[in-house]
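Contents: one structure, followed by commentary.
Note that the chains are named A, B, C and D in the order they appear, and that numbering of residues resets to 1 at the start of each chain.
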Amino acid sequence: MEHSKPLPSYLVQRFHGWKATSYNANQSWYRHLVSEGQHPRAMVISCCDSRVHVTSIFGADHGEFFIHRNIANLVPPYAPDGDYHGTSAAIEYAVGALKVAHLIVLGHSQCGGVQGCIDMCEGHAPHLEAKDSFVGRWMDMLRPHYETVSDISDRQLQSRTLEKQAVVVSLGNLMTFPFIKSRVESGDLSLHGLWHNIGEGGLESYDAKSGDFVAV
Amino acid sequence: MEHSKPLPSYLVQRFHGWKATSYNANQSWYRHLVSEGQHPRAMVISCCDSRVHVTSIFGADHGEFFIHRNIANLVPPYAPDGDYHGTSAAIEYAVGALKVAHLIVLGHSQCGGVQGCIDMCEGHAPHLEAKDSFVGRWMDMLRPHYETVSDISDRQLQSRTLEKQAVVVSLGNLMTFPFIKSRVESGDLSLHGLWHNIGEGGLESYDAKSGDFVAV
Amino acid sequence: MEHSKPLPSYLVQRFHGWKATSYNANQSWYRHLVSEGQHPRAMVISCCDSRVHVTSIFGADHGEFFIHRNIANLVPPYAPDGDYHGTSAAIEYAVGALKVAHLIVLGHSQCGGVQGCIDMCEGHAPHLEAKDSFVGRWMDMLRPHYETVSDISDRQLQSRTLEKQAVVVSLGNLMTFPFIKSRVESGDLSLHGLWHNIGEGGLESYDAKSGDFVAV
Amino acid sequence: MEHSKPLPSYLVQRFHGWKATSYNANQSWYRHLVSEGQHPRAMVISCCDSRVHVTSIFGADHGEFFIHRNIANLVPPYAPDGDYHGTSAAIEYAVGALKVAHLIVLGHSQCGGVQGCIDMCEGHAPHLEAKDSFVGRWMDMLRPHYETVSDISDRQLQSRTLEKQAVVVSLGNLMTFPFIKSRVESGDLSLHGLWHNIGEGGLESYDAKSGDFVAV
């Protein structure tokens, strides 16, 4: 692979800062995580968005969360067709191999993927409609749910409602995986839906009874 | 979705701790990230492993890295077939919409996905061979490269070599995306391969000239 | 002591989270506990096991329980020989200085100490037999009672029976302390034996009449 | 054991409250802790004092800390003489069986054990001098260190200084255990000394370089 380059120096410098401080202070823990293996309590499915720091929000350290991040924190439905399914593979490993106790889907405000979905549905994003748009095809997962927000005129309320809907859709798709359904029903696994307000530092939790998201 | 539960109280408590301290101290920055949008400098593709904290290693704060995490930090080859491609969607968004300057693939020691691939290739993991194993099918991406490590008798050396090989394979697959190839060739984007030693806090960078990984 | 290190940063962060929330909300109570002294109603003797949270199970706040935790929640018999006796010192302080009204011995399922005792008695734990094994010597206290469970073939039932037996043994040893015996007989102190099922969240209380543990 | 009584009803009621709320919300985690075993990151040695809540201060949940609590959070020196050594047994289990990464000694303000030691040394506590006083004999461990504070006239400063000294003595005694010394020297275990101000919610960490305790 002749096209790769050395690490930018600002990251080299930061790495050495981490090594001299945090690593040094936690060396015994990092070695424990190697000799004893990882035993994370929860898997978190969040967005790639640079403004979403799940470890920061929850004060989580190395070893606590198994984290998958994709566009708009979406979980596709169960489809064991032999193709590459990155999200499903991550979920299978977390539940089957690591036996995590919690699956947490973490949505957030200002989600570019969800906004792209709205733009597509309103005819403003022809580039996302193209067959070779991976973002467009990925967001097709959420597209049928646009109609639930199509008549909301307040743009911010519209995106937030669909961002939260995306979390609920993912929770529903999780239940289509047989190994998840059985563990949820036996009480060995629990599912949780969250929505994070980046600017206000808010956190809302999906309440299955009311169907609403409520501040934690 | 009647199966979801409220957020466990230990996370509620930690969130409120974060809100009262870190959020409070950085509120102006988080609001800026909302009003001005995210402008991450780099995209990082790392593993879901709970022991890999890319933000920690590089002292990164909210807004700095667009992060995709999947099993074994793998990038599939370009395949615009209209199916769901979570990794490709994340890459397309980072490069096309956010115009990041760096794509960093971060491998690591003790990778369960890579070990699973070795186990499959050696006939020790029939459950991963099943068509409905998402982890197995996902690791098929790396399978053709097992032969490059099949004659290494030292088990640790064998996994580390394949872990690093996975990084190089992903860098190669990145170049199969037309929108990446053109930007790399025009100098608008650079690719970087890294391998992180969890227990020792080490970091090695892929050197395209020698084909080796060298300590940063 | 040149070998100690600073507190790991994840705990520093969590502490500041606690300070900004729980402490802030309860400051007047914590100051009251300083100015007026502690007046706990009960002493609890529980295991060190990380899965046993006596304050959580009983919703106890600062100032409610004087808590001693050791391996397998054992109380040695009264032995005023001038040596270091950590458990007996804790009991003496709770009863003599604080005049608690209740002494609660809290056993639990999956107790590693009790399992170690069984392993020793069955000849499977030579490392615990060594004179320099503190765990082995500590569990010698329970060893004579192995014979009461030696013919139970169901392994889970066997450990649970001995875990409960350990609670009864400790209650018996408590009565060998003259200052406890007199207070129990005068009605100024009461003893209670409990066994907690970690996975099922169960709690059983020792019933002196029947000699059995019954769900509370 | 005919002397024990049923659990007081206020605790029965609280237990059922916990069962219906916290247990219900965390059932999957508690079952995980049973099926996968406990893997605590740290052992904490703290005082039995009802005002010291280590899990509260650090927002720790079930499974995080292996906790031993005794009078004045003291660790006796290594003495493999075959007698009962509760503190040493707890430490052996944490380090040898659970392989914790951190040993944290947590002292605190208003410590009754330390105050008793000062009272003894100043001739004001004849009852603690008696051979059959377990508290007195336990505090003998700290007695040789009274001379370092004997000329401090401010009573609060005097106790705080000895409370902190007790933490340092315990850290020193931990290093007399061969299995601790070797793991500390290899970087697989780290020791930490803390002192907690109950009324002010403060936390100070022992700094090995300066020999002082500094606010975290």
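In this text, a contact is a pair of C-beta atoms (placed from the backbone, for glycine too) under 8 Å apart; a residue touches a chain by one contact, two chains touch by 3 or more.
Just so you know, these numbers come straight off a predicted model, no measurement behind them.
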With centres defined as the mean of Cα atoms, the chain at greatest distance from subunit B is chain C
Quick check on subunit B against subunit D: do more than half of the interface residue numbers occur in both copies, making it same, or fewer, making it different? different
From the C-alpha centre of subunit B to that of subunit C, how far is it in Å? 45
Interchain centroid distance [CA atoms averaged], subunit A/subunit C, Å: 41
Let me have the rounded angstrom distance from the C-alpha centre of subunit A over to the C-alpha centre of subunit B, please. 14
Please list all residues of subunit A that touch 2 or more other chains. 22, 25-27, 29, 31, 35, 59-61, 63, 102, 190
Drawing the touching chains as a network, do you get a line, a ring, a star, a complete graph or other? complete
In their shared complex, at which residues does subunit C touch subunit A? 5-6, 8-10, 13-14, 17
In the complex formed with subunit B, which residues of subunit D make contact? 22, 25-26, 29, 59-61
Going by the contact rule at the top, pick out the subunit D residues touching subunit A in the complex. 25-29, 31-32, 35-36, 39, 41, 59, 63, 99-102, 183, 187-190
Applying the document's contact rule, which stretches of subunit D touch subunit C when the two form their complex? 1-8, 11-12, 14-19, 22-23, 27, 30-31, 33-35, 37-38, 40, 43, 48-51, 53, 55-71, 74, 76, 80, 82-94, 96-97, 102, 104, 109-110, 112-113, 131-135, 137-141, 168, 171-172, 175, 184, 190-194, 198-199, 201, 203, 205-208, 216
Touching residues of subunit C toward subunit B in the complex: what are they? 13-14, 16-18, 20-22, 24
